[in-house]
C-alpha cells in the first residue's frame, strides 16, 4: 500500500463509501505479510520513516533470515546484520548471489535500489578491535545510498595518525566515530571537526570496561557539546542516523 | 586570532620567517584570555567547531559567570546555562540587560550575533516535569541561530495529543525529544517521523528511575534505528547537535 | 489432604483426641511426596492459593521433569516451563502424549482439569523477539483455565498496527503486555485501555539493555499509574497474576 | 468533551460536514486546559482509562498544586500526593476545606464523586516505617471509590501477628502489600492468600538496601508466582492497579 | 612445625642461640610445602585458626586437586569443594576410597580426624534448587566434626512446612539458613528461633535476581537483628563460621 | 504475656475451654501496645528471640523515641540507636536520667536488667573514622549483658599496632571487627584469631567506596573462610549476633 | 621512637634484658599519642613509609583538625586536606600563620621540613572544574618536597592547547593528570609522553558521569599501557605516589 | 622512520623543499605497516613512549598473532599476551623458537633487544589463583629489560609468610602487588614498604566479587596513600608502569 493508495482510501472515507472502522481495519491489516511463523516484515516502514526494513539476524534462525531476505529482495536488495559465521553459511547456500562480510557479520544481496541523494559520511575507527562495528556501520550506510569514507586505526594513543587524516574527515558532512575501551577518540575529534558527530561505543575491552558500558558513559559525559551517541556496538543505528542527516546536506 | 591571521602565520613558517616552534608557541599561547582565576574562555572554539563558547554555570560562582559573560558579550551576545535562582539574582544585578529564564535556568544577554543559516528544529517534550530541560534546549538552539518549534506535554500516555501535532513536527528538519521516567516518547515519535531525531533523557522520576539512568537506557535500547542520545538533562548538547544538523539542511 | 480432612483433624484437636503437637506434625508431614531425590511437589498448593503446582524446568534434569510431570498428571494434566530443546526430547520420549512448544519452551501433557471460571486475557507482544515469553504466558494462562487472545508484533515503532487492534484488546478483562528493549508498549497501551495491565519485561536487546534490566526499569518508571510488573521473562508469573484477576471478573 | 460529543463529531466526519483533518485537530485541541504555565490537566483521562487525574505534588510548587486542585475539584473532588509539610501549609491556606494526611503526604478536598462499584482492598503493611506509603495507597484507593481494610505492623519477624489477621485479609478481593528492607512479607502472604497481590517496595532501610532497590529486587524475584510489583514507594500506582482489579470483582 | 616446635624456637631466640632474623626466616620458610607448581598448602593453618586446609577446586585442575588431597590426607582425611563432575571423575580414578557428592560438588576421602567437641548445627534450606549449597555446608560442617541436622524445602511460600519443623531447629545451637531468589526464609526463621543464625544467599533465580545479589542484599537488609551473612553460594564459609560457634556451645 | 500465660492458654485449648480461633485471636492481639500513632512495641520479642526490643531512632521523631523508651523502661532499661544530636537534645530533656553517646548516636536509660550470662566480646576498630559504629556495637552488646573489650585504631596500614594487641583479642570468645574503606582488617584478623568473627563494613570513604558497598563486597569476598558479615554501619546487628554467640560460650 | 631506639630495643631482646612480650608491648604502645578523643596520629609512619602523616579533614571537626595540626607542626610543618571553608575559618583563627587554599580545600602551616631530594612533577589538568583536585595534588607534592610544574586547562577538546605545552611536560620525570567527565586527557598524554603517568579521575560531571565513576572506568580501560590510577578526587594519593617515584629519579 | 629521519623531514619543511601538507602526509603515512587485514603495528611507538609494541592476543586470531610477532621480531624479539592454549599451539607451530608460558598465557620469541637500564621490580602475589596474572606482569617486565623478584602466595590470611619476605621486597625499587577477592595484600604491604606500589586486582573470586570489581574498588579505597591501580587482570599495564618507574631509579 503506497501513499497513493492510502490517499484513495481516505477519500473513500470522506465520500462515505468506506466506513471509518473499515478503513482503520484495512490500514492495520494490509501491511502484515507473514513470511514465517515468527517473522513479520513491515513494508510500510520505508514509507513512514525513509529507511527500509533491515534483517536483525541475532534473534533469528538461519531459515528465518533466508525467508526475510527473500521477501525484502523483491524491493530490489536486502541486508542482514548480526549474522554469525555459522548462520551465514546456511544463508549463503540458500541465497545465490548473497555476499558475507565476516568482520562486520553482515549479509548483502541484490543491488541497492535507488535511494534519496545523500552526502558523504566518514566512518572513523579508533582501534583494530573496533573494525567490525565500524564496517557494519559503513555497509549499512552504503546500503541506504550513502557514499562512505573509511578511516581506520586512528586511536588517540597515536595522535599523529589521526591528525594526518583530519582534513579528509572534515570534507565529509557527517562523522560516525567508533571507539571502545575509554572511547577518547570522539572527544578529540569533536574539538577538531565542526560536523555532526555520532559516536558508537563498542564492547571491546575487559575488566572494568564492563562490555562497553564505560565507553558509553565516557561518550555521554564528553566535554564537547554536540556529540550524540547510540547503543553499544550499534553500527546500524549510527548508520541510519548519519544517513538521515546526510540526506539533509544535499 | 581569526582564520586570516592563522593563514598568515603558516605562510610565514613556509617562508622561513617564523620558526615552527615559534609558530606552535603562538598558536597555543594566543587564545588564553584569563577572565578570572579559574575561568578560561576559548575564542578559538567557534573558529574550529562552528559553535561559540557558552558559559556552564553549574561549576562556577556568580562572579565567575558575570566575568565570563562580559568577556563573551564582546562577540555580540552571551548565554549561561545551569544558573540557579540564587546565582541568577547576582548575575542580573551585575549585568544590566540580562534576562533569566527560570525553568530553564538560563541567563541570556545581548542580541544573537549573525549565525550561519539554519533550518527549523522541533523541541518536543513528554511531560510537564521535563519542560525545564526542553526550554534549555530551545533557548540554546535559538542563541545558535535556529528557529525553534516548541511542542509540549505530548507524552505517550495521552497518545491523541501527540498524534494531533505530528504533522507540525514533520515539517521541521530536525527533532529534539525530551523525556524522563520510561522515556517512551522518542520510540513512538521515531516510528512516525523520518527526520533526524535526538533524544534527551531527563532525571525526572523516582525510585527505580535512578535519576534518569533508566530513561537513558531505554532511549539507547529503543527499537527504532536512527535515534541518537545525549547525556541526562543535557539540553545544551542536544541543541548543539541539532543546530549542526539543521545548518546542513539549508 | 483436602479441606475436609483438615477440618476433621482440627476437630480432633478440639476434642482432645489428637494432641496439638501431633496435629502440627501431621499437617507438616503429609504433603511431602518425594518424587525424586531433589524434587518435592506440594499437593497442598492449589488448596491454599488456587494455583496448581507447575514444573520449573530450568533447575531440573530431564529425568526430574519426567518424574514431576508424571506425579502431577495424576491430578489431570501437567505443565513444565523453561524446558530447553535437549531436555524436551528426553521428556517427550518418556511421556507419551506430551507436547512441546519450542518457542515458549513449554511441555504440556494431559487435558486441563476443570478450573474455576475465568474471563478472557489478552496477551500482547511488542516484537517478534518477545514471542517466546508471550507464548509461555499464554500457554500457562490456558492451562489455568483462561481463554486467551494473542496479539503479536504491535511494537510502538509501528503505531498503526497497535491502534488497529486496540478495540479487540479492550474487550478483554485483563491485559498482559510483553516487551523488551525500551519496553514502551505498556506505556502506550496503558493510556488506551482501562483494564488491569500486567507488564512483562524481556531480556531481548543488547549492550545497555543489560539483559532486560532497562526494560524492567522503564516499566516500573512508567508514567501511567496502575500498570504492575513481574520479573524479566517471567511469563508464568504474569499468567498466574492475570488468571487470579480474571477469575474475579466472572 | 464526553463520549457523546465524540460520537457526534465522528458522525459529522462520516457525513462529510467535518473534514478528517478538522476532526483530528478538534480532538487534539479540546482537552488542553492550561491552568498554569506548566501544569496541564487532562480531562479526557477518566474517559479513556477509568481513573481521574490526580495531582503529583513532588514536581510542582504549592501554587501549581492549588491551581490544579481547584480545576479538578470542579469534577467533584481532588487529591494531591507527595505534598511535603511546607507545601501543604500553603495549599491548605488557599483551599478551605482541604485536609492534609501528614504521614501519607496527601491532600484531599471535596467529596468523592460517584465511582464505579468496587470490591474491598486490603492494604497490608510490614513495618511502622512503611506506614506512610501504605496510607498513601489506602487514601488513593478510597478516593477512587474502594472500601479499604488497613492491616498494619505485620512484618514476618513477628509471624504470629500476621497469622492472627490472615482470615480478615483473605476476605478481601485484592491485596496490596507494602514492605521495605528485605520485603519478605509479600512472599509469606503469597503462600497464604489466593487473591491478586500487588507488592509495593519502600525505600525504608539503609546501607545495602540502596533506597529500596533491594526490596524491589526481592519482590520481583519472589518464589510465589502471581505477585506483581510497582515502583519503589509508589502507593498511588498500587492503589490504581488494585482498584482496576477490584472493579472487576463486583 | 607444631606448637611445641614453635615454642622451642622462640626459647632459642631468647637464649641467643638463634638470631631473630634466622627465627623469622625459619617460621616463614617451613610451612611451604610445594605439592605442585601452583598449589601451596598451609599446614600451619589449623594451628592458627582451628580450621584445617580444605581444597577449593574451582581454580584448580583435576591433577592439582589430586595432589593437594593426597598431601592433606596424611593428616587423616581431606575434603575438596567446587569440584565439577568432569574433574571429579579424574579425581576419583586417582584416589581410591574417595567419594563424590554430586549435588554438593564435594569430594571426600579418609576418616574425619579427631576434632574439638562441637554442638549440633541445623542446616535449613528454602527450596529444592538451593539443596546443593546446603549440602556443601552440611558436608563441610561434618568434616569439621559437627553433628548436622538437615531440614529441606521449607521455603516461606509453604509456611506450614517450616512451622512443622521449627521445634527441631530450635533444639540446635547454631542455624545455617540457605536461600536464593528473594531469600525470605532467614527473616521468618530469625523471628522464630533465638540461636545464632548464619544466612547463605544462593545464585538461584533469574532476571533481576542478578545471580544472587538480590538475595544477598535482602539478607543484609533483613529486619531481624542478629543474622549474619556470607558470600553467595558460600556453603564452606557458613559451615566454618557455624562450627566455630558450635564449638563454644559445648 | 509470658511463657507461663502462653502455656495456660494452650492448655485451655486442649481442655476445650478456649476455642482455637479465640486462642489465635488472643495470642495475636495481646502484644500490641500502641504507645503512639505509628510506634508499636513488641513485648513478646525477648520471649521469642532472647533479645529485647531496642528503639531504632532513624525513622522516628524525638517524641516517638521518648514514648517508646518510656514504655520499654518499664522492663528495667532501654536503648535507642541512630539518634542524631538534635533529636537527642529533645529526648534527654524529656527523659531525666538518660545519657547520650554522641559518636555512637545512642541514648541509654535505666540499669541493664538481669540478662543471661555471656562471654566477653572484642570490638575491634580499623580507623578513627569507624569509631562511631564500633561504639554503637559496644554499647548495644553491653546493654544485652556482654562484657566488651574495645580495641581501636588498629588498621592494617600500621600492622604493628594490631599485632601488639592480638593476644588480648584472642582471649575473647567472639570478635566484632569494624572497618571501612577497603576493609582489610578482618582478613588479617581472620588469619590470626580462631574465634567466631563478625565483620561490620562502614560507610567511611569517598569516590569509588560507594558509601560502604566496596567494604561490604571486600568482606564477603574475603579469603579467610568463617567470617560473617552484617549490613553497612550495622553495629546493632553485629552486637546482637555476637551476644547470641557469646551466650553459648559460658 | 626513631630507628636508633628501635635497634636498641631489639638488641635488648637478643641480650635477654627485655622479654619479647615486653618489646612487643613497647613497640605497640609508644606511637599512640592521643591528641583528642578520636584522633590518633602515627609518628611512626614517616619512619616506615617515607611519607609523613597528613590530616584528612573530611571526617574531623575543626577542633580535631587544629589539635592534629598543632601536634604535627612540632615536626616542622603540617598540612590538612578536605577542609571546607567553614572549618577553615575556625582552623585559621586558632592557628596563627596557617594559610588556606580555597579551591584545593587545603590548610598549610609552617615551613616544609627537609625532605629527601625529588625530581620535578608535572600536574596537568583537563578542565577548569578539575582545578581544585589538581591544586590539592600540587600542594601535597610540594609539602612532600617536590618541585611542581602546573599545566592547566589543556582538555582534549582544544587539542592545540595541550600540544603547545607537551615539551614542558616531557621535561618532568613524573606526570599527574587530573581529568573528569570522559577523562580523555591521560589517554592522549600517554601517547605523547614516555614518563610514569598517574591519572586522577574527578567527580566533575553530571547525569551518567555517576560522580566520577565513568571517568575512573575510562582511565582504567585506557588503551595506553602504563598509566596507573587512584581513587576519584584523590589528589593526595596521586601526589604521594608521584613523590615516591620522583625520589627515585634523582 | 627514526628520530633522525624525522628531524631531516622537518628541516626540509623549514627549507621549503617539502610542503607542510606533504610532511604531515608522510609522517602520518609511513608508520602504517599492514601485516594483515586488521592488524596494524606501530613502529613509532617505542620512539614516542619508550615501550615497544606488544601483541594483545585476546582479540586476534592465531594467524594474526603469528603475522604480528614475525613483523615485530625483526626488531629483535616479540611478546604476545592473552594467548589461550588453543591459539598458542598454532602460534608455536608457525614460529620455531617461540615459547609458551601457559599460566601467564604469554608467547615469547627471540632475545630481548637492548633496553634502557632498569632497577629491580618485585612482583608480589597474594594467592595461588592470582599466579597467572602475576607471571604475565613478570614476563612483560623482563621483556622490557627489568630484573624481577617473584614473591608468591603471601596473602594476608597467613601474615607470617608475608612478613618473612618483607626485607627482600624492600630491597626492590618498585613493587607490583597482584591480589584478587578482597585484595587486602596491597594495604598491608603499603604500610610496610616505602617504595612505589602498583596494585593489580584480579578477577579471582565468585558471587559478590563481581569478576574483580570488588577487588578493584577495595584497592582504590585503600587507606594507604600512594598506591596506584591498573585495570582488572592487567598484568601488562602494571609491568609497563613499573618499568617506566624503575628506569628512573638507575
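Each chain carries a letter (A, B, C, D, E, F, G and H) given by its place in the written order, and its residues are counted from 1.
One rule holds in what follows: a contact is a pair of C-beta atoms (placed from the backbone, for glycine too) under 8 Å apart; a residue touches a chain by one contact, two chains touch by 3 or more.
This is a predicted model, so every value here is computed, not measured.
Trainee: Counting one step per pair of touching chains, how few steps separate chain E from chain H?
Mentor: The fewest steps needed to get from chain E to chain H is 1.
Trainee: Could you tell me which of G-H, B-D or A-G has an interface matching E-H, in the sense that over half of the contact pairs are shared by residue number?
Mentor: B-D
Trainee: Using only Cα atoms to place each chain's centre, name the chain farthest from chain B.
Mentor: With centres defined by C-alpha atoms, farthest from chain B sits E.
Trainee: Express in whole angstrom the distance between the two chain centres, defined as the mean CA positions of chain D and chain E.
Mentor: A distance of 48 Å separates the two centres.
Trainee: How many angstrom lie between the CA centroids of chain D and chain F, rounded to a whole number?
Mentor: Chain centroid spacing, chain D to chain F, equals 37 Å.
Trainee: Let me have the rounded angstrom distance from the C-alpha centre of chain A over to the C-alpha centre of chain E, please.
Mentor: Taking the average C-alpha coordinate of chain A and of chain E, the gap between them is 53 Å.
Trainee: Would you pick out the residues of chain H that each touch at least 2 other chains?
Mentor: 48, 158, 190-192, 207-209, 213, 216, 220-221, 224, 231-232, 234
Trainee: What residues on chain A touch chain G, complex-wise?
Mentor: 126-127, 155-159, 181-184, 187-188, 190-192, 205, 207-210, 213-224
Trainee: For chain F, which residues are in contact with chain E within the complex?
Mentor: 48-51, 54, 119, 173-174, 190-198, 216, 220-221, 224-232, 234, 236-238, 240-241, 243-246, 248-249
Trainee: So in the complex, which bits of chain G are touching chain F?
Mentor: Listed in rising order, the residues of chain G that touch chain F are 24-25, 27-29, 31-32, 37-40, 42, 44-45, 48, 58-59, 201, 203, 211-213, 216, 231-234.
Trainee: Can you name the residues of chain D that touch chain F in the complex?
Mentor: Against chain F, chain D makes touches at 103, 128-129, 131, 152-153, 158, 160-161, 163-165, 204, 206-209.
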